[in-house]
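Across the two complexes that follow, chain A remains constant while its partner is chain B and subsequently chain C.
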Partner chain A sequence: MKILAIVENTFKEAVRDRLLIVLLVIGFIAIASAKIIKPLALGEETKIIKDLGLATITITSVLVAILVGGRLVYKEIEKRTIYIMLAKPVHRFQFIIGKYLGLLLVIFFTMTVMTGGFYLMLYITSTPATYSLLLAIVLSFFELSIITAIALFFSTIATPITASLFTFIIYFISNFTRDLKATAQISPSVIVKGLCNFFYYLLPNLSNFNIRNLVVHNEIINSTTIFLSIIYAVVYSALILCLASIIFQKKDF
Partner chain B sequence: MEVAVKTENLYKYYYTGFFTRKIKALENLNLEVNAGEIFGFLGPNGAGKTTTLKILVGLCKPNQGRVWIFDQLSTYVKTRERIGFLPEAPYFYDHLTAEEFLSFCAQLHKLKNRKTAIDSILNLVGLEPARKKPLRFFSRGMLQRIGIGQALISDPELIILDEPMGGLDPIGRKEIRDVIIGLKEKGKTIFFSTHILPDVEMLCDRVGILINGKLVTTGALNKILSESVENIELTIKGLPPEAIVRLQRNTQKTFVAEDKVIFSVSNEEEANFLLQKTQELGGKLVSFIPRRKTLEDHFIREVAKESKTQ
Partner chain C sequence: MSLKRNNWILSIAILILGWTTIFFLQNSIEKTYRRKLQERLVEEMMYFPSGKFLKPVLMEYQDLGADLVWLRSIQYYGYHLMTDRRYEWLGHIFETLTRLDPFFIAAYHFGSITLAWDARQPTPAIKLLRTGTKDNPLSWQLPFDIGFIYYSLLNDFDAAGYYFLIASKLPGAWNVLSRWSAFAFERAGKNEISRQIWTDIYNQTNNQAIKALAERNLALIQADEDIAVLQAAVKKYRTAFGKYPPNLYELLKIGYVKYLPKDPWGGLYVLKDSIVFSPKANRLRSGK
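For the complex of A and B:
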């Protein structure tokens, strides 16, 4: 119940924030732009509309996770609202989990609204809506569950700008972890090999969650990979949250 | 008598500049607050008052020492079920209305009958008409009142208030004073820090003065003040002028006004002697007033004493 209260409060705070509204409006404009791009697609209309829609949903949600998540805990500390919450019978780990789930709810809300807009665009442009499109969005949500945990972790130790920047860098590199592994294999330098291997095992492998290309090109999607990716997202996020809770537990306010 | 708050050998240090400078915030703080009393925690800025209060509610951890709240170690989260806390110059979630904010606080206390608790708190702090108003539109006084409201939402036994009268106008201060008095009448323990000494004199049963992290005075307010009697004023009627001149030699100050004369003496013994003499000389006692030092005088003296020892 206490965690639910924190989830509800975090959600209300985010949806009443102008930042989320601005990001949603930009997202909708990007999805709607498919209508303008369509005549220029030269026979690739379906692919472009689907690609643009899926990319917009992911990018908007990533921005929400990084920008809102990056200031989630810091804002509570800076505005001293945390004094009110932690002086009540609330464990600090409950605060971290509540904040995390609250932000995840915001992302779910963002993705649902954006998906609504995307399906509307598919209908307007008479593009066939497939089940696999929804699967790609669901997998993006689990990818974002990891990003949200990382943003929250940085928010407990850094200012919003630093937290957002670090989260963005990690998001960027984590989409290329397979390249890190490949570099480690071919590099003659021991240092480069070591660093690439270190980051390969430390950072989340987000490329597992990207089935957008397969969906757009109507390729077969392996359900076991999807299931394992979801388990991976849950375990990785849980580990990050544990780390954030341990750091937060030691903090003086 | 039940003890509501007990601190034992509390030490707190802060580190600045990459852990190179150690700043002492509290030094061997031993303090007891009895259940059912109003305890005023005084001290100049930076004395360590807020740090102490934060340790009591678990926002800060001491480097050494322990704290008990009603015989339970303060490190247990469960202890906070019995505490209501108002931080200094509080900020709240400005996206929430007063009602939503109190509901959120009630949920954190797992209150079952939230609606009744919210209604009664809004009435108590006089914010019923503003229940649907977002907190970002609240004035300073209204924020202080909703702050007190959230501290009281769970009907706690111990209420800890950090500068509850800070930044309030005289009417706002009176309203908060009335709330505090009402809480004491209900048997609650109130532990508050303040700079406003007249409020302490009006409200507190006991006070503690903290200077540079050390508790320099603690005790019943009337005892602290009675120990610091400055002089005694005797107002006498019906004394002939030659008697006034004779008695004047035994006093600190004499002031003649119409048919009355006011003698000022330094202690009770001199006052009794003077009283006996005036009666022998035909005078009548109108009033006998021991003039005490105010809490402010006592406070300033303690601060000056402590800074000399530094």
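For the complex of A and C:
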């Protein structure tokens, strides 16, 4: 019940944020631009419209997670509303989980609205909409669940700008972790191998969630991969939240 | 105090258990993929329309993009070298790479050598190198590589001599280049100059893949020379006895050869249907 109240409060606060509205408008413009690009695509319009739509949904949601999530806890500390919250019988970990679920709800809201816009654009441009497109968006949501947890983690230890920057860096690196593994495989040095493998498993492997390319090219998608990737997202997010709770528990206000 | 310590132990246990789960989950996800990691990484590059498109997309990070493509190109080459020896995307990869970083001499060098010898595409290799010479007019390596391909693969000794000569005049060029130019122009001793060039390449490079390629080609040259000697003896036998010898040992028995050499990989040369060959050399040449 206590967590639900924090979730509701976080959601309402984020939805009122002008930043979210600006990001949504930019996202819609990007999706709508497919209509302009279509005549220039030389027979590849279906691919381009789908690529553009799926990428826009993910990018907009990533920006929401990084920019809104990065200042979530810090704002409470700065405005001193945290004292009111912690004066109530709420455990600090409940506060973190409530904030996380609230932001995840915002991400879900953003993705749902953007998906609506994307399907509208598919309809307007007479592009066939397949079920697998939705699957790619669902996996992106689980990717976002990890990024949100990381943004919240940094929000407990850093200022909004620093937290957003750190989250963005982790997001950027986490898209290339497979190169770490590949480097470990070809490197003759035991130290390089060890370090590459260590960071490969330490950092989130966000490429697990990127099936956009396969979906657009109508490739077969392995359901076991999707199932395991979802479990991966749940476990990884829980771990980051656990770390955030430990740090938040130690914080003096 | 004890409660606090217990909380710490519990937290650390949760984190260790969590990351162990992540480790096993990630490995399980990888097992579900139909293709190996190296294949998938390179496959993604196939969706890149070309370096022309990537250049503006990467904005000011083209060098970093080039480095990533370089790492993947090595994985692509290594993977196919160890498996099917088919390199159909090698040209595309190096075209993309050198567009992103037109001054990446090592990429032109490695790309052209692997394209010419492994992918058996000497003409695209020369095209890649010529593109490189436009951006790097003072690099001796690029005209040298063009000359080497003309000499060894296309048997165009005039063109080879011309490019060796250009390379010899550029700053930092090997001293021996003018000699090679002369060799090429005289069209003398193809195996001899090839051996010399591969030996120099082997000694000058730090790239292990190029070293391995040089070693392989040196061994093939040695095999060619041994085969030429044995084949001449077989011809002599045929002239003397009106038939081909039943095996190579017969040539040794009647003194047509002083000894029966082993091929550079330690195997025996074989005589079959009047032709002398090394099974290993044939396998390497056919890419199996």
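To be clear about the criterion, the second predicted complex is superposed on the first by the 247 of 253 C-alpha atoms of A that agree within 3 Å, B and C clash if a C-alpha of one lies under 4 Å from a C-alpha of the other, contacts with A are read in each partner's own complex, and residues count from 1 in each chain.
Going forward, contacts are C-beta pairs under 8 Å (C-beta built on N, C-alpha and C of every residue); 3 or more make two chains touch, one makes a residue touch a chain.
Worth saying up front: this structure is predicted, and the values here are computed from it rather than measured.
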item: Touched partner set for A:224, first chain B, second chain C, both or neither; value: second
item: First (chain B), second (chain C), both or neither touched by A:17; value: first
item: Partner chain(s) touched by A:25 [first = chain B, second = chain C, both, neither]; value: neither
item: Touched partner set for A:236, first chain B, second chain C, both or neither; value: second
item: First, second, both or neither for A:91, with chain B first and chain C second; value: first
item: Touching partner for A:201 - first (chain B), second (chain C), both, neither; value: second
item: Chain B versus chain C as contact partner of A:176, first or second or both or neither; value: second
item: Residue ranges of chain A touching chain C (in the complex, touch as defined); value: 176, 178-179, 181-183, 185-186, 200-202, 205, 208, 213, 222, 224-225, 228-229, 231-232, 235-236, 238-239, 242-243, 246
item: Touch list for chain C against partner chain A, complex; value: 11, 14-15, 18-19, 21-23, 25-26, 28-29, 32-34, 37-38, 40-41, 44, 47, 68, 71-72, 74-75, 78
item: Contact footprint of chain B on chain A as seen in their complex; value: 1-2, 4-6, 8-9, 12-13, 16-17, 79-81, 83-91, 252-253
item: Residue ranges of chain B touching chain A (in the complex, touch as defined); value: 54, 57-61, 77-81, 83, 85, 87, 90-93, 95-96, 100, 104-105, 107-110, 150
